[in-house]
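There are structures below to look over.
One chain, chain A, links the two complexes that follow: it is found with chain B in the first and with chain C in the second.
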Partner chain A sequence: MKRCSYIKTILILALIFPMLIMSGCIDNIEVDEMVYVVAMGIDEGTNENLRITLLMAVPIAVGVGPEPGEVDEATNSITVEAPTILGGISVVNSMISKKVNFSHAKLIVISRQLAENGIERFMNTFMRYREFRPDTYIGISIDSAGEVLKSLNPVLEINPSKHIELLMEAYQYTGFSSGTTIGEFYSRMECTCNEAVAILLGSSQIENEKDIENMFSMTSNTGGVIMEGDYEATDMPVIYESKGRQMGTAVFIKDKMVGELTGLETNYYLMVSGQIGAINYTLPEPNKKAYVPYSNYVSIRLTQARKPEINVKIEDENPVIRIKVSLEGDILSITGKEDYSMGEKLTELENYASDYIREEVLSFLVKTRDELKSDICATGKSIKKKFLYWDDWVSFNWPKRYEKADFNVELSVKIRRSGVMVKNINVDGVFGSEEK
Partner chain B sequence: MEEKAKIGNFEAFCLLLNMVCAKIVLDYPRTVSEDVGSAAWIMIILDTIVVFVFFAIISPLYEKFLGKDLIDISEIALKKVGKIIIGIIFIVQFLYMTHITLREFAEDIKVISLTATPISVVIILFCIAMIVGAYLGIEAICRVYALSVPILTGALTLILMLNSPKFDISRIAPWFGLGVETILKKGLTNLSQFSEIVVLLLIAPFLNNKKAFKGIGRLGILLSGFFLAMATTCYLLIYQFPTSTEFFLPMYQMARIISFGRFFTRIEPAFILIWVLTAFLYLSSSLYFITYIFQRTFDLKYRRPLIVPFIIILFTLSILPENLYSTLQIDMQIYSRFSWIIAILLPLILVIIASVRSRKNKEAGNK
Partner chain C sequence: MKNIASYLKNILLFKPANNKKPFMLDESSGKQTSNKESSEEKSSHKSSEEEKTQQDDKPSPGDKSQEDDKSSSVNNFSEEDKSSSEDKSSEEEQSSSGDKSSEEDKLSESKLSKNQASNEKTDENSEDVEGVSENYTGSKKSDRKKYRKKGIIRPIPIKDSEILKNKDDRKAQKNYDGQDTRISKSMRTCLEVMKQRYSADINGDFKIREFKVQVKDKAYDAFVCFFDGLTNTSIINSSILVPMMTMSIMPIDTEEQSVKEIIYNHLIPQNQITICKTYQEVVDGVNFGGIGIFVDTLDVAFAGDVKGWEHRSVEKPETELNIRGPRESFNETCRVNSALLRKTLKDENLIVEDVLVGVRSKTPCSIVYIKNIANKKLVDEVRKRLKSIKIAYLRDSGELESLLEDDTFLPAPQMLLTERPDRVASYLSEGRVAIIVHGSPFVIVVPITLFNLIHSPEDDYLRFPYSTLLRMVRIFGTMITLFLPATYLAITTYHHEMVPTDLLLAIASSREKVPFPTIISLLMMEISFELIREAGVRIPGPIGSTLSIVGALILGQAAVSANLVSPILIIIVAVTGLGSFAIPDFSLGYSLRALRFCYIFLAYFAGLIGITFGIFLHLLFLVDAKSFGVPFFVPFAPRSKGRRKNTVIRLPIWAQEYRPDFLNPKDIKQQPSISRGWVKSEKGVKADGRESKNR
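Then we have the complex of A and B:
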């Protein structure tokens, strides 16, 4: 009996011993011995090296407890050249007092130059190295990735990590970017039925009103009017202290970037792929042309009523893609004198909005087919479900078939609400028109 | 003292469920998708049906030997020498199965958590828990099972359900994956994934209600098949073939991508505890069975003195594979192909032979 209790004591001690040694043993991590990377930029360096820029958080500057920090000091950047990402990180580790850690990284930016040559080699690092998380956003910079990171300085938010996270999540209520994460990109890159996209980023050169005037003077084809979002990240008519911009989408075939979508086209991408949040969408008043100066507009908050239905049929060896998009919206503002809040006018607005957006969606899809040759809307998923065997599906070669696809788009917009006004009495109606 | 051990029905069921399903938290969803592509779930369902049929054949035959374990049955079937040979075969089978699993669990922990700790230290930590479990015996282990398995099952279901917003049905198309022929061929070797059901024939004498053996086995097989199929299907609904063949730890990967808003993210550290608990239970019971079979095979009076020698053997075997890839190869190329012959086919043959022998003996006795 004594022997038994002696053994039990040893067993209990054997269980307690690991608890003591493992809590502060080989794998211990002191938070203040780490430097947390908020964002990383990758550019092409000299002699085929990578130029890696790290945007690092400075926790003391962010603020401790209730004490406010200093926005300007909240981040620090460092640039290094090395043949590989982790090689570059080792160089950085050798010269700063803390160890670089990516477990809180929010954004990876890769330059367009590198993206056009393929980014599979980087994706492997991001997916294999456990510090990179699958929910980190991935963006492609039109110009230098390093410059984009440096220009993404927070202005309204003191925490740089939260600043970038909120910025990347803004697509849910703007629809101007795709909100792509590393995990999604990787999955789509390796998929046989769709292609990958990434967020399009850039740094703005616009400093004042004169720069905006110059920018518009160069867009003579639209008569000087640009619909909201109808531009890419570097050419936005915005004057703002923070020069980092996100607008549009980088389009890929496998791991190579093949083109871009504007912010407005990204709206249509999100509509067709069923990822649209609640966006503000402006369209010219019914029966008025877009891009006409001093035209009247109707602004609608658009959301997805139902998941888009995509059906693919093969007719004469070519796919016919039928897409049904159901949207619903609230009227936010009407700049003209017509009231579209009720009755026949409401139906007119619904029909007009349906036709207008349908045409835009169709021209976006044609662009993905003819110019980009990339099925970013994942229409291939529909036909993949009709196959029984993997080999048959692979030899069907969907990406090549997509280039010959015909589109049949049905789009409906239903206006559910008209804001806090049920009707609009214009000023002429109150005082009587001068003609009377 | 141990011979008096009593196991309740629920405890036995939990033991069976954890022993078969522990591989879900290892690499099971990946290996099956590597075998048959997007149709892995079909193969698992077929395997479950086949194992269920095997059990349906074996259980009525075994009813004649209630209160006897597999070693007793092998003695009835093949006499004393046969018993020793069969015992050694099962000891080797369990040693093989346990050392791979020990190494794989240790590698998991090293990859996802204790990255700088030497693998031998991680294995030693598991060994300590195994010694404690095996020392306390099957009754204690089964009681911990009864407490832990509902939590583990809930946690696994939670991981799968929290991933549901990311499910996409097109990812498990084409429906027959790499082909019907491949499903059938690979399905046969994948019967090995149910090898652990053999423990039911080892714990049978300890069951409180010995007649419940049949029910425990049936429910255990069906629910194990259900969880194996569910975990694999959910994994494939998120990572389509061939991406599904890339990740070392499918469940960890699924836990990593769970996010609800900005607040409910990074929940995988909580699941590490669950995985470790699964590992401790699986490995402790495996070590117990190794020592139990050895004791019964060689008619030894005591079992506990065998624990330390066997843990040393297991530790040594587990650090033999040169790297993680070698461990996975040993598992996939050898164990997964042939284990079912020993764990499923051999007990069936033994029970049939023992039934025939005992009937002949009875007839001879009557004459």
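Then we have the complex of A and C:
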């Protein structure tokens, strides 16, 4: 009996082990036999080809290996033209010693030109091919995607993938971009109740202060101050060694890009869609006087107090979208002489901030409605659930309705802390009274 | 023929080698003869000395009845008896060894003569070799063939009579070994029997002391026999020889007592004396550090316990170290071990049941259990298994473990070997059974579950939060030992997307100059780690510790700088090694270390799927396993009654009210639900600890 069971065991093992051995080993590939793509850029090439730029990590340069720092460049880029992405990759594979692997790609950049013609064909590749992971960030470059990749060279660290990853995650504390991943983009692209967005990227031409002056004179629209973030990726007044820029959001309808949001507008987008982290927001001082226009500011650190509530009602065939946004913040700095940290002044500041931001949010929403015609804040979601049948929902045609929507925004800002300082002591406050 | 001749020529020309063979034969036969002669001389000498009485009593396999006859009439030895026995013995000698030995003698003589002749001839004239060889070969054809084929030197032949060839011989030998021949009334006979049994003429440490005992105004011949070194000679002197030789002269009112009773009751003031009726009983006693006392005219002998061999004292445990808790460990002496347990438990219900294991060694083993806690069936099972074991010599509890365990091929130990009395005591108090083996400082505890193997004795002595944390750390270590190298291999060869990018780039860059695939470098490091560990155990003490550490460090460092392995791999192997040291049970550690390699191969073949498959098989084996009827994963699979209070997490000691259900102890409850009386209320307990009634 026992012998029989042993024979059985041996037989089973003899069957299973070849299975393991024969089915396994094929995929077996060593870490150092592959090259890891950190970022990929797709531009329009000649004759409707794609011009694919791969930014590849050079592991030796990253440096735990033997003799760190032996290689200066942590990344290496390669550009290939091919009709499809994977075709291009095959061409690259035939040239370089290692096998291209996308499993650690951090960013995919598509040029605006391609994006305006629709990017569904790329998304299909990204979703279907197993090496692309859904949490790769997707960005649209205002100019050439290849240029953006080449200008994204890390300065503060050696590791290019870390550089890109941290850069893309920065929206959580700046609010200037959307941090969209491929998976997110795809699901929003497919969705009938909202539209997709992507990170807006660009490469800067600004080398020195003069360039900044030129840029401002070129774009001088109001003559007033441009609030921080109120521009897109290529026009940032920044002088920095690394020329890659991320600012603002590319807005899509389905898979086609229709416009951009500036960095500041992206703040409001994040507020309404409930994705805002903790951002530093600058308010013009409440009781501004005529002779000092916008010269004093109150900086507050804003966070989402509660998830935004969005309700949609249909009145006279047109949707009325009621949005309730609750924010709370700390006072970080007050450049003026008024002390808003206590009492009535605090309430005054809260009311002012609520009104100010509400106006800004409203104008952002109007922009999405009138100019972009794209419901990126997913307001359609709240009315979609009121439909019993899919066909009804489809025939309701939400994207068209959104163009006629009315907005009713309630926004409250609560100041919770006044920073480390309890109250202001003005420099001329004490003696100023004597002068009177 | 020519070949043979040339061969022989060669043999004979290389003199030192070729002459050895015949000389060896010669020497051996000479030795034998000389031995014989010497023994004969001795015997003759003795016979003259001891008035030729001993030859008759030479016990041989066949003459049991004869001896019985003799023992009945020891005192009046008659000439007839002598002669008849002499005849018999001579006949026997002839029949048993004489035939063969005489044949051999003849053979060797013939060879000798021929060789001598051949030697002479070769010296004179080498051409005559052929003739000699012809002669030689003519006499022993088979031998010649052998030599031609192999050209090897034949070893000294063992006397055929000494080898037990067939069943009957073995049976005879067995009968001879285990004979329960009754003790003869003649002290001379006994003396001769004992001398014969112990080969007293060759055994240097077997001592016999003859003296006279005076009982009832009559002097009786007596002798004691014992092993020097096994016994405490001062006890022999003070408690046996002095009283027997001197106190016997003192007047004692012993009119109605027999000689045996007088000697037993008055003359041997030793605390452990047994009256033996057969030689075997005395022999067993003497073999285990006892003394045999034979007195003329008595048909019994006395076996006294005068053990006094050198042994280790009770020392600190070497393998199961701890910071808190007692620091005594078992040693190689059975009774010391049982005493340590008794000292810890202080319970009269603690039973130390002796069983002798080993047909020849008769190693004393003890089954230890608490009578009114341990399940009777469990004790019976242990006893049954232990008593059924038939091996020649049992030396250590490790041997006994492999003889008792349920499954030889299971990749996990099925019993717990510990050198800590406190640990055994705590298991005994739960209703388990312990087996002490004389000669082993490790005591076996059965039955056990997997969870016992990851417990450390220290768990019980530490406060509840710490011990739980420690246990978690240990489980983590176990997991690391088993899975870390395999998982590393799986991830770096199959699942690259699982690693954080920075780490992946680090791994990739560290592997850039390594020529081997990960599996090879991993195996290289794992094997060298095992080597270091194994060598560290074998290296003599003073250099051992330094060498193992330095060796490990230098080896790792050098392997990295020689680009044989990547530095990350060194970390993996080192952490794995650390994890394996955190496993409290030595045997489980071995098992996991071996299985680690299986997992590495599985990971190499199929990545994480392979590891999963390995876990599946491993668990199948473990869940199927049983230790003395107790499933290995109880109380989880199968689930048993009650809360699990001391498995992965150990609850505070006051919460452990019940003994493990799966042991089916006679008394399941070990303490009341409120074991800390004072927590009831401040007023509820009196100052002396008793509960007050008017609460």
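Following the convention adopted for this analysis, the second predicted complex is superposed on the first by the 397 of 436 C-alpha atoms of A that agree within 3 Å, B and C clash if a C-alpha of one lies under 4 Å from a C-alpha of the other, contacts with A are read in each partner's own complex, and residues count from 1 in each chain.
We take it that a residue touches a chain if its C-beta (ideal position, glycine included) is under 8 Å from a C-beta of that chain, and two chains touch if they have at least 3 such contacts.
If you're wondering where the values come from, they're calculated on a predicted model, not measured in any experiment.
Novice: Putting chain B and chain C onto chain A via the overlay, clash or fit?
Specialist: fit
Novice: Please indicate which partner A:K324 is in contact with in the superposed arrangement: first for chain B, second for chain C, both, or neither.
Specialist: Neither partner.
Novice: Between chain B (first) and chain C (second), which does A:F387 come into contact with in this model arrangement: first, second, both, or neither?
Specialist: Once the two structures are laid over each other on A, A:F387 reaches chain B alone.
Novice: Taking C-alpha centres, what angle do chain B and chain C open up at chain A, rounded to the nearest 10 degrees?
Specialist: Nearest-10 rounding gives 50 degrees.
Novice: For A:D27, select first, second, both or neither according to whether it touches chain B, chain C, the two together, or no partner.
Specialist: A:D27 sits against chain B and chain C alike.
Novice: Pick one for A:K373: touches chain B only (first), chain C only (second), both, or neither.
Specialist: neither
Novice: Is A:Y186 touching the first partner chain B, the second partner chain C, both, or neither of them?
Specialist: A:Y186: touches chain B, not chain C.
Novice: I'd like to know which partner A:R133 touches here: chain B for first, chain C for second, both or neither.
Specialist: In the superposed model, A:R133 contacts both chain B and chain C.
Novice: Quick one: is A:E165 in contact with chain B, with chain C, with both, or with neither? Answer first, second, both or neither.
Specialist: both
Novice: Pick one for A:Y36: touches chain B only (first), chain C only (second), both, or neither.
Specialist: second
Novice: Closest pair of CA atoms, one in chain B and one in chain C, after superposing: how far apart in Å?
Specialist: Superposed on chain A, the two chains' closest C-alpha atoms are separated by 5 Å.
Novice: Quick check on the output: what are the common chain A residues between the chain B footprint and the chain C footprint?
Specialist: Comparing the two interfaces on chain A, one with chain B and one with chain C, the shared residues are 25, 27, 133, 165.
Novice: Show me the residue ranges of chain B that touch chain A in the complex, using the header's touch definition.
Specialist: 37-38, 111-118, 121, 125, 128-129, 131-132, 135, 168-170, 173-179, 239-243, 246, 253, 256-257, 259, 262, 265-266
Novice: Note which residues of chain C are touching chain A in the complex, please.
Specialist: That would be residues 492-494, 496-497, 501-502, 504-514, 517-518, 563, 566-568, 602, 604-607, 609-610, 613 of chain C.
Novice: Show me the residue ranges of chain A that touch chain B in the complex, using the header's touch definition.
Specialist: 7, 11, 14-15, 17-18, 22, 25-27, 127, 130, 133-135, 165, 169, 183, 186-187, 190-191, 193, 381-382, 384-393
Novice: Could you pull out which chain A residues touch chain C in their complex?
Specialist: Those in contact with chain C are residues 16, 20-21, 23-25, 27-32, 34, 36, 57, 59-66, 101, 103-104, 106, 131, 133, 159, 161-162, 165.
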